[in-house]
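One chain, chain A, appears in both complexes that follow, with chain B as partner in the first and chain C in the second.
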Partner chain A sequence: MESDAKMSIIQKIGYRKMIYLLVLVATIVPMIYTVGLPVVVSKQTSDLYEFIEKLPPNSNVAIAFAAYAGMYPDAQAATRAGLVHLFRRPLNIVLWHNSPDGPMLLGGELKYVKMGSRIYGKDHVILPYVAASEATTSAMGTNIRGVFSVDSFGTPLDQIPLMKNINKATDFSLHIVMAAAGGNEEWAVRQWNIPHRVPIGAFTISIVYPALIPYWRTGAIVGMTNGVRGGAEYESLVGAPGPGLRRTDILSAVHLLYVGLIVVANMEMLKKKRSEK
Partner chain B sequence: MSNILKSRELPIVLIWIAVLIIFGDYFFGGTALRTAFTVLTVDWAVIITNIAIIVGALAVLQRSLNIARRERTEKVERFMQTWTVFLAVSIFVIGVTLGIRSSIYSWVYNYILLPSWQTVYTLIIFFMATASYRAYRANNSYAAVLLISGLLVLMRNAPVSSSIWSGFQDLGSWVLDVVNLAGTRAIMIGAMIGAISLLIKVLLAKEKILGE
Partner chain C sequence: MDYATMLGETVTVLFIVMCYTYLIRETIAFRFVQATYVGLGIGHGLVMVWGYLTTKTIPAIMAGNVLLIFPFAMGLLLFGRLKKQYMWVYRYPLALLVGAGLGLQIMGMLKASLIDQVVSTMSVSLAPTLAGFNSVIILFFVIASMTYFLFTVRGHETSKVNPVLGNLMKAGQYVLMGAIGAGFAASFLGRLAVFMDVMERVVYFIPKLLGLM
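Moving on, here comes the complex of A and B:
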């Protein structure tokens, strides 16, 4: 049993309680005192932004909206900034839901999108939820009407002006997978990019991001964002500050706390090893 | 009939049909194969998903009711289980009768379900913090490499790091774009080779999970 003198402060208080308290402080304090540190835009994020920016007017863009409520805070900033960017440009957007939460979450984000002169059915369409799977993604690549017969308001696809010339992957200049929690991006690469050569973009969460880097390096994914950090980067590129840039201070504080905890733990370990010698 | 359903051959035949349709459509195309593929992948995928949702919901409800009925269950637990069943049924009824665009359903979703899910998910931050203190230690050279890589990626993801030293961005990006790339590619290629070998075993009836 260690004597009180030899015990560190963390051990005395109980390290769990101490760490939980530090996490709370690191989360709450930056909310109150905002510093607004600049965000360095990564190559992956700027690639996606540039690709969308350079799409010719009236290009068709497909969006698979795959947001799940639990993980959505990580993808929200990028999703919102991405929608703002896509709707700002003169692009035709066909969006479908790949998660049951999608219809509820998308409504909240579209409030931040300036529709301007956009007309539903003419330059953008929202299709209903379809159970996400690689097979469904593949089927949509060759025949969208085989998966959807109506849009999310019940209008038959053949009565929607935008959908008259759209029915397969090759009709699109870009396929974006938005807010997915894994899988959807890889299905899109395998079923839309490889057979049909449609470029893929991803507004993804941090957990999924490292696994997508090989696809970005090969060019299958033209660009992607990395969780809240990527969202903040995209917001700064689009010029639409939102939840990402608001959370950068919190992100910094919590990351620094993690680094600090790792350093403290390793110093304690080294100290213990030396005293044992 | 029951003998056919229980037979080992039936699932293998079904798998062969599915594989032939999917492979045939991918390599040869054609309207007939495309139709069969769509029926198989979309129609049946939707049917199976919906059946799974119904079965899952009923199983959860049944479990909650069973716990609530048990005499040895504590009062608080009994109340929580009953309350869960009540909420689940109520939200289901609201969604079916008023639709998901109704103000009541939106309120339930935005002010009850959404914060609850996000709270549960966000609690991970506390466990990650304690884990970084307990487990992330350079006990040997391998652990030290892991530790340094982890620290570099952590610093890369912290926006403040570029204000401290711009090299954190480059080093962290190198770990992600080069080291992680090599590892991820190896895993992906390995997993695909494994999937192909599993498919061959299943098709040749060498896989034990089928009927044994």
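Moving on, here comes the complex of A and C:
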């Protein structure tokens, strides 16, 4: 009992649970009291934005929508802002699903896209789900009709006006991989960029981002966004505030907390080492 | 908010709270959510794949594309893994998948992941700019981490024989640790995004229910 009384509150709760509690506070407080910290746009994000912005009108853009519900919140902001940007420009968009969760998630995002005078089938087409693999990506590059015979609504591709002159990778000016949780971007580089010289763009999650930087440096990937942070950057470029900018304060607060915890833990370790000597 | 959305939001928030009870200890509420999540995930995937089969593969075979029978049968052979005595059956489609995958990968990999990367690393700029500084640093980091891998021999202390090489190896070790740390941090960032999303649902639940948002 006596030793219990001597224990501090932190020791009573336990260090791990204390960290959980602090992360919870650092997440909830900025959610209620928003500061609106400024967002500095990275070179990778601005490169992607500029590339899309400079595409000539009526260019064909292929989108592989590969969002899985489990990690989607990380790519949601960039995906939404990306779709808003792509549909705002006079581009022909061919989108297909590379994940079984895709059709469900895309429906939620398209609500934020202003379609204006856009007509389905004339300037944009949504193709159904196809299991993602390097083989599928390669097949799509050489013969889209070999993979899809109909669109998401069951209309044969030959009856869709936009698809009349589209059947292979070289018909596109840009191939974008959206919200993939790994692999898809590298497949696109290997199967669309290397053999067909189609530029690749990526709205990706933070876990995948570091692995793609070498491809951006070589120019195979023209630009990309990095998770929520990249989403916030893209939202500010597009001028469509959404979940990215809303969550920037939380990201900053939790990062500050973690930096603080790293400093405290290291100081504690040094103190322990010194007392052992 | 209509009743269907309200019900959906309530169940979502309830499940989130039940799931986070794990932070205290493994509770029955957590186990219920875990089982539901796995079941739903598999069920959803199964429905999608079944839909793919019935709307694409089978009609295409029926329409006369008999070649599709081969990949379809190969796919069925994968189920051999479920019973030990038929495990050998499963090896054939697996070998085909791995072989075809590797063949496809190597084609683009040589250029994208090797030649282009070597060219990019060697393109050092000595211009007094951030890009120039980065190009020099990257070259040094690549050489240091390669040295660490190439010259580390068990039971042989390179630093005693060749101090320069030893220091370069040490630098390489730090570079690798930094890269692994950055990878871990990126992974954390992804999980944090998911956490932010679920917490937003919990925090904004009552205002949404009251029609304040």
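Just so it is clear, the second predicted complex is superposed on the first by the 264 of 277 C-alpha atoms of A that agree within 3 Å, B and C clash if a C-alpha of one lies under 4 Å from a C-alpha of the other, contacts with A are read in each partner's own complex, and residues count from 1 in each chain.
Basically, a contact is a pair of C-beta atoms (placed from the backbone, for glycine too) under 8 Å apart; a residue touches a chain by one contact, two chains touch by 3 or more.
Because the structure is a prediction, the values reported are computed rather than measured.
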Touched partner set for A:Leu257, first chain B, second chain C, both or neither: first
Which superposed partner A:Gly116 touches (first chain B, second chain C, both, neither): neither
First (chain B), second (chain C), both or neither touched by A:Pro56: neither
First, second, both or neither for A:Tyr20, with chain B first and chain C second: both
Chain B versus chain C as contact partner of A:Arg217, first or second or both or neither: both
First (chain B), second (chain C), both or neither touched by A:Ala131: both
First, second, both or neither for A:Val40, with chain B first and chain C second: first
Partner chain in contact with A:Ser149 - chain B first, chain C second, else both or neither: second
Touching partner for A:Asn193 - first (chain B), second (chain C), both, neither: second
Footprint overlap on chain A, comparing chain B with chain C: 20, 23, 27, 70-71, 73, 130-131, 133, 135, 138, 195, 206, 210, 214, 217, 229, 251, 254
Complex interface listing, chain B residues touching chain A: 26, 34, 37-38, 40-42, 45-46, 49-50, 100, 106, 109-110, 113-114, 117-118, 120-122, 125-126, 128-130, 132-134, 136-139, 147, 150-151, 154-155, 157-163, 169, 173, 176-177, 180-181, 184-185, 188
Residue ranges of chain A touching chain B (in the complex, touch as defined): 10, 15-16, 19-20, 22-23, 27, 37-40, 42-43, 69-73, 103-104, 107-108, 130-131, 133, 135-136, 138-139, 142-143, 146-147, 195, 206, 210-211, 213-214, 217, 226, 229, 232, 248-249, 251-259, 261-262, 264-266, 269
Touch list for chain A against partner chain C, complex: 17, 20, 23-24, 27-28, 31-32, 70-71, 73-74, 76, 100-101, 128-131, 133-135, 138, 149, 186, 189-191, 193-195, 205-207, 209-210, 214-215, 217-218, 220, 227-229, 243, 247, 250-251, 254
Of chain C, residues touching chain A in the complex: 23-24, 44-45, 48-49, 52, 55-56, 60, 100-101, 104-105, 107-109, 111-112, 116-117, 119-120, 179, 182-183, 186-187, 189-190, 192-200, 203-204
